[in-house]
């Protein structure tokens, strides 16, 4: 899991950098125009950490991999908290920290680890942000993603299928924020005028999961 | 002379009001964009003074007319000084005060009074402004106007002809400021960039003399 | 006619990413007697801090609101200010560093503007020093443009933050305990309300384009301080009317009535010059005068801004003798100074 | 991409012709403890004036440069400021009224910025009180953008005027005679130089359109303070370079060299926010530091403005002990306050 995670974080950083202007534009419409910049900064910092680290090339035993994965998720979470700022920093950071906790316990499979981690992430965001679905936030991508992943897992899907289900659901969820009235975050100040715009945090969440699905789909 | 002067001041005020945007536009190009506003304010104030005054309807005896004319020129000058501000206020104000002094001495004819008054006005502006022709100021309209008026007078011209000569020369003089490099007033700060624009003060001077010529030409 | 919103970005910057650190370096270069900068953490500290035995005040938030907060560091006001990127809350590490740097043994008050990002990051910072330094926190939420906090992240912290920093700072300077200083900050926040409007948008340097577009005759009413769009759009109107749009909701929300005395704060959003701000103050003064509300203290100028946005906000603070005394107490910071 | 010059006029005004009187009324409403307004004459007076036995300082000029001059009336600075219409010198009647109102028996100093209009009107005012009140006058002319005064109306009075008002004001407050206060003002003017640039134009309210047009990547260098176009046009550049354009001519004109100490004043033109002004101060500080010139005192902010124009100017004043002492002396005005 660890190496796949490293690969994902690197590709995700590249994609967020490319998508930063688009995410920022979404945030200009209903926020303060920095979400793309913030995410780009945070993920670049993760890559810098990865580059600086002596990462053991491939730690074979399953137990080691679990620990390494959890450590890596924790590193990512802390880095996001320390570099992103704004609302997204603590929220995404907490998501990664919670995922680390869930993974650290050990899971029967990579697919199960992913689902449990995503569920823990969603719960962590909701607890910190005092938010739930339908409020036009990143949770509107992440909660359905976790639900779809759980369903795919229970239907016997492999890790690729499970992550693909999560990515599809996240994208649908992000799109579904368009007609929503924001009641959390900066967009909530707009009242009715928040309607008709896609939430930037939900969009960045969907991007992260799509990148993961793409890289997992590959052999 | 007094009544003609009153009529002139009233028509001039109307014309300056109409031309204020154009004069201001000239001042935006090489100054600070207030000359039209300033002149409009000053001449409106003169009209307000005229309206408020019990002007003796028509003071017949020549001596009385001379005094009344000089008083009126002095009133106009003081009003301009007290209301126009900027460079134009003291300069035009002084011009009227000097003209008053010249007229007060008594002149053989209205035409002679006009020429002497205009010469005194030009000299007053030059002394106060430490300026002369060729510096791209109102003097480039007024000095040639005084010269042309003197020539017309010496050639035996009547008052209409003398004033017409002054107005024509003032307009030509104002136009001739276009290629000049300003060395006095705000436009001088532009250096070479002052070239290619008509001086606002020369333009307002030409307007004043044209209005006078028009009203004098009428029977 | 085009709008007068800035469309092309024209700013005094070198590289966009260096704007905040270079601006902080400039603050230090200009006021070495008052502040010193912890550059790696982007924290502005009192030059003479930590002040032993005094409750320390830490605030912070995204940059772009200058002089808030760094310009308010100094005697009688803040002990430290954390500067985030433009319009982006700083991170907990900065707040932790600030809290540790200013602690003089009497506890630290965090003054936090109510935005999700600011609240969450300060909350995390407080956890990072828990058990080591006594921290209390006050969240300012004075913006009456945000009406129903059931359906929003709650009222935003805007103009009253300046007043909280000044008045709680005076209380701390006078030897107040952490509980007392916190209570003073809470009291000011409770007694103050604000509302603002924008004549133009502003450009976040890293974005490079205006956050919103306004027509040449349009005004965005109920804005925050991050270039966010406001609650509604109106046609440009005489300043008397625009002042009324802001003052009315504040007066009714605060329940001000004849005989009350207030501090009136007319704040510029960054691009509006003083000649206009004083004209706006004149409108506010006439409106309040007409209702028998007296202005006992005042503040006029750009103190909590949105980059180069044109516009203004009004903050009214109901005064009592204690608040007047603390307001008048000496202050010596880059942006507010008197009595020293 | 369009320019970010304001094209449509959006200002906080009622009727354009009421802007100056209403802004003055706002100044009085906000600072009744410091100033009072002679409304018919548009003169801002010290609330506690005339101060018997003290030399009085009178300045004035067109409006649109706020806080100059009205915001500098108060203890340790001006006794009166005459406000003309926007960018138009006031008239002699105003200056006469101001001079009579502030005379405390020790004479009156007129501080006049070098513009033909200001000079001529103050000159006429002095004549109006000649024989009754002892008046001396100092004409500030610090703008190095105007090079050859043989071919111009002479260098304009810009940023140094603020410093003259502060320092000569301190000299008068300390009991200096009219000759001494005048000599101090002359000394400051001689020891200070300025230069400015604009990122945008500005709109004179009565004109309604920008005084000049600038492309989206153009900078007007060598501007005055009346929205006049400058001496040349450059492409927008990093603030370090733009600061260099301003600092270099000043340093060479003043003949500053290694070991000299200066007061560095980075002034905002009205629409440029503090975050950028401090970035500019950082550039100025680096440039001077590189030449071994030390910044002993500083001033950063919008103090002599051109309405809402974006841009900045730099003023450097060569300091000696006397000037430092007078600069540090107490001042209590709406816009500058310390030590009281």
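Labels for the chains are A, B, C and D, by order of writing; each one numbers its residues from 1.
Following the convention adopted for this analysis, a residue touches a chain if its C-beta (ideal position, glycine included) is under 8 Å from a C-beta of that chain, and two chains touch if they have at least 3 such contacts.
Nothing here was measured: the structure is a model prediction, and the numbers come from that model.
*Asks:* Could you run down the chains that neighbour chain B and chain D together?
*Replies:* Intersection of chain B and chain D contact lists gives nothing.
*Asks:* Just how many steps, at minimum, does a route from chain A to chain D need if it may pass only between touching chains?
*Replies:* When the steps are counted carefully, the minimum from chain A to chain D is 2.
*Asks:* At what distance in angstrom does the C-alpha mean of chain D lie from that of chain C?
*Replies:* A distance of 28 Å separates the two centres.
*Asks:* From the C-alpha centre of chain B to that of chain C, how far is it in Å?
*Replies:* Inter-chain centre distance comes to 55 Å.
*Asks:* Take the average of all CA coordinates in chain A, do the same for chain C, and state the distance between these two points in whole angstrom.
*Replies:* 33
*Asks:* Could you state the distance in Å from the CA-based centre of chain A to that of chain B?
*Replies:* A distance of 77 Å separates the two centres.
*Asks:* Hunt down the residues of chain A that sit against at least two other chains at once, touch-wise.
*Replies:* Residues of chain A touching two or more partner chains: there are none.
*Asks:* Two or more other chains touching the same residue: where does that happen in chain C?
*Replies:* Answer for chain C, listing residues that touch two or more other chains: 86.
*Asks:* Could you draw the chains as nodes, link the ones that touch, and say if you get a line, ring, star, complete or other?
*Replies:* It is a line, because the chains touch in a row without closing up.
*Asks:* Between which chains does touch occur?
*Replies:* Contact pairs between chains: A-C, B-D, C-D.
*Asks:* Quick check: in the complex, which residue numbers of chain C touch chain D?
*Replies:* It comes out as residues 1-15, 19-20, 22-27, 29-31, 63-64, 66-67, 71, 86, 199-200, 216-217, 219, 236, 238-240, 242, 264, 266, 270-283, 285, 295, 298, 300, 302, 305, 307-308, 310, 312, 332, 334-335, 337-340.
*Asks:* Would you pull the chain B residues touching chain D in the complex into a rising list?
*Replies:* Chain B reaches chain D through residues 24, 28, 30-34, 37-38, 41, 81-91, 128-129, 181, 183-186, 188-191, 193.
*Asks:* Can you tell me which positions in chain C touch chain A when the two form their complex?
*Replies:* So the residues of chain C touching chain A come out as 62, 84-93, 115-117, 120-121, 123-124, 145-147, 151-153, 156, 204, 206-207, 209, 211-212, 224, 226-229, 231.
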